Amino acid sequence: MTTTKIKKSLHTELGHSTPDRITVRGRDLPSEILGHLNLGDMAFLELTGRIPTPQESVTFNAIVVTLVEHGITPSALAARLTYAGAPEALQAAVAAGLCGLGTVFVGSTEGAARMLYEAIPFGEKPARPLADMAKDIVADHRARKQIVPGLGHPLHKPIDPRTPRLFQIAEENGLSGHYVALMQAVQQEAERVSGKSLPINATGAIGAIAAEFGFPWKIIRGLGVMARAIGLAGHLLEEIDDPMAIEIWQRVEKEAGGPRQDWTR
Amino acid sequence: MTTTKIKKSLHTELGHSTPDRITVRGRDLPSEILGHLNLGDMAFLELTGRIPTPQESVTFNAIVVTLVEHGITPSALAARLTYAGAPEALQAAVAAGLCGLGTVFVGSTEGAARMLYEAIPFGEKPARPLADMAKDIVADHRARKQIVPGLGHPLHKPIDPRTPRLFQIAEENGLSGHYVALMQAVQQEAERVSGKSLPINATGAIGAIAAEFGFPWKIIRGLGVMARAIGLAGHLLEEIDDPMAIEIWQRVEKEAGGPRQDWTR
Amino acid sequence: MTTTKIKKSLHTELGHSTPDRITVRGRDLPSEILGHLNLGDMAFLELTGRIPTPQESVTFNAIVVTLVEHGITPSALAARLTYAGAPEALQAAVAAGLCGLGTVFVGSTEGAARMLYEAIPFGEKPARPLADMAKDIVADHRARKQIVPGLGHPLHKPIDPRTPRLFQIAEENGLSGHYVALMQAVQQEAERVSGKSLPINATGAIGAIAAEFGFPWKIIRGLGVMARAIGLAGHLLEEIDDPMAIEIWQRVEKEAGGPRQDWTR
Amino acid sequence: MTTTKIKKSLHTELGHSTPDRITVRGRDLPSEILGHLNLGDMAFLELTGRIPTPQESVTFNAIVVTLVEHGITPSALAARLTYAGAPEALQAAVAAGLCGLGTVFVGSTEGAARMLYEAIPFGEKPARPLADMAKDIVADHRARKQIVPGLGHPLHKPIDPRTPRLFQIAEENGLSGHYVALMQAVQQEAERVSGKSLPINATGAIGAIAAEFGFPWKIIRGLGVMARAIGLAGHLLEEIDDPMAIEIWQRVEKEAGGPRQDWTR
């Protein structure tokens, strides 16, 4: 008998199995979930404990679908290079790709949502006009010399084409409220103050819509992580059929291993 | 100008962006995908390059949904323990959890599909009666002292409740063919020879249905990996709200760090 | 011929190979390194580009050796649980264990070094008495309600037994200067203000000594990561011979999957 | 009180702590290890439970030092690309790099050792002349159309310059026995049969010397993993100072995202 002092019981609400039943979030997996829920709805159930309404389903699926695939990214390259060395462990190649979804890429959804929640705690009404809040948010970031999360894109100018579509879907499905409006007010203020075009990028739109759902900011990066796991599987399947990892490695090794050159002259 | 000898051009069919367009698998992401495809359909598009038929959509979503959540698993524990040490990097906690989806868990979908494809190459008709193939498959595994992939479950006896439901969905949607039939023939033969109850488990059912779709066996493990990334996000959200990692660590450390004990007496 | 605009040449100083030579950091690997450098010296060469003096060798080896093994940790458990699911990929099990070496564990070496460098930039002399700096550092952390990195330990009280030994080794080898002294001043001030025992823990001592070497704070977490990779290999070898992962999983699943219990009553 | 049925006690021999003592492998860390053991010796202690003799220390350090750095590799690129996206989590970038140390790279040490142990179980004397064993090993690999692990190198021809040096160190330190001799016999036979130059590469030499130590083949891949964790920290430090990841990504994205081209014409 263990004598370990137990300080806390261990508990999960997520899933439970007996010999003849498998329950997920309180629902019988075979009869209530399989054949009834699509993968996005299942993710919603997993995260919230309830099945989305049709409006929530369309909107939630749209934000995660947005994050699945974005062409050749550092994350996709890391996964492909890993697979080239360890084809016995496809799971580790996906894992390697996910490790780079941090503060620079994808993780910025988290920053946008956190910024919005700090201005308007979830469940509360805005205490002041949104334009005033936006002024303070932008001024605060400028004072700290930080970029405002969710704004600007190196390629997609003057607008990120995903953003108006995501906001349209949210609007049509009753999921465009204070957070989307505040994100838009922040954008206008940031453009006014900087004099530059600063579109709301996809991570800003997703952060705002995720806040409308009330997802805690700490898990919002997870939406991108789960979506990109799908995209990375796609990249690995392509890598199996038409590899690029070894060619990239050999080109880089050849160039980088030699004497330093200045290509920029 | 680089002098590197280029042996192979680099190319991807998955995604491409210009300033005002984002294309995934040849489709305009904002107008043709967002709001139209659910996350499972998007995964299907990503892997195959085409949008699933309604029947394929229901069946494919069902097999990936099956793999999302299975309660406390070694993978979920690894993710939670990782998060406890590095809450700044939720993506790395998901990655840590995925690293364990190998040959023992989840990866067995791959083994089942591979076994079926070796018997009946994709696109071909069975060359012999399925029962004869099943005899050879079972005899061959017994001769090599290997378990037949996709059969048996430590908990779910005499049947794995996911399997009949998945086969029903595949049947109703026209996706139950030679591979499902051969998997069932293999099970019957394995039970006959061993005298034991050997249900087709969920990974066996998924491997067989994935073979009906024609997914290459090398990527089939990826179906579980993408699905479990969703489940791991769910576990991490629960870990944030109601943690268990530190408690588990402390209990284990206390017990394991002391003099060896024999609890089994 | 590629038309890609090349903005920057790619270059590495770390290693280079020709058919008959392998060079690491400008030294011939077979004749100048193998048989001459131990693994800690090699790590020093890899990070700094030069071979350590005998005094640096003893001290640097001591700080990395300290971080190799610390019994059952969340990181060791994550590695073991991963191996249980994917024994085909030992590298992924080590990787999973490393993913948790973040801000909570091991990574705190980084915080201590960063704090010290902010007070005294590397290569400069202290601008004010160390006691004054320590006062400001402690007051600043209290104002921001943050713990001072490198102080306090849940188990090792009133002293962490590694700290005096590490400081002794640094002292004997001429590597105890302003940073070690400032760390000690910070500790005294923190104890004075809080009225609590706050020993300099191993990560605080290592952060301070790493600062004496001048390692950039961004890489200091890497010292723990490289050391713990060794420790995780040790845990996996033990897990192969005398496994605990499956047992832990089954205990946790049994307890956590049932109705919620309150063990703390 | 937990009612979980405990089937197995949990135990570790690796490390243990009390408030005033930290023990690793039965030795007091501060007084018996710190300042006395270098990092390679610590790794040896961690894996074997004993301190190496001076001869073992030189040889073991040499084999792990060999694996630390090999210039730009797919693994180093994966780590650098990961860091570019998630600089908040250096540990995850190292982890991503390690995930690719599988059957294709580094992991081949494991294959060589396993092949040697299958011919001569550890602790036994060779049952037949080594040349006969070598004949069978080569014939068996040819029959299965598999390459012989540890032989051949795409760049280092006609010899891998690490191999004679490693064998020299092993010889001088009394660690060159049946396994090194069998590896050499296998090489001669493989060259005789194939008519090609097939040098013993570094992983073949390391696999053979690791077998002389008696390390179980399942952990031998871990020697490369621990060594490369050091090398990856070096690459990340260089990436911080002189980055290449973003440039590589942008070049590849530009080339791969456009219409397919055939550079090889």
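Order as written gives the chain letters A, B, C and D; numbering starts at 1 within each chain.
By our rule, a contact is a pair of C-beta atoms (placed from the backbone, for glycine too) under 8 Å apart; a residue touches a chain by one contact, two chains touch by 3 or more.
Worth saying up front: this structure is predicted, and the values here are computed from it rather than measured.
Of all residue numbers seen at the chain B-chain C contact, over half occur in both copies; the interface is built from largely matching residues. Set against the C-alpha centre of chain C, every other chain centre is closer than that of B.
The mean-CA centres of chain C and chain D are about 22 angstrom from one another, to the nearest whole unit. Distance from the chain B centre to the chain C centre is 36 Å, each centre being the mean of its Cα atoms. Here the spacing of chain B and chain D, counted between their Cα centres, is 30 Å.
Counting partners per residue, chain C has 2, 6-8, 10-12, 15-17, 71-72, 86-89, 91-92, 95-96, 99-102, 106-107, 244, 248, 252, 255-257, 263 as the residues that reach two or more other chains.
For chain A in complex with chain D, the touching residues are 1-2, 6, 71-75, 77-78, 81-89, 92-93, 95-97, 99-107, 244-246, 248-249, 252-253, 256-257. Residues 6-12, 15-17, 86, 88-89, 91-92, 95-96, 99, 252, 255-258, 260-264 of chain B are the ones touching chain D in the complex. If you check the complex, the residues on chain B that touch chain A are 1-2, 4-8, 10-22, 24-25, 29-31, 33-35, 37-43, 46-47, 57-58, 61-62, 64-66, 68-72, 87, 89-92, 94-96, 98-102, 106-107, 155-157, 159, 161-162, 164-166, 169, 216, 218-219, 221-223, 225-227, 229-231, 233-238, 240, 242, 244, 247-248, 250-251, 254-255, 263.
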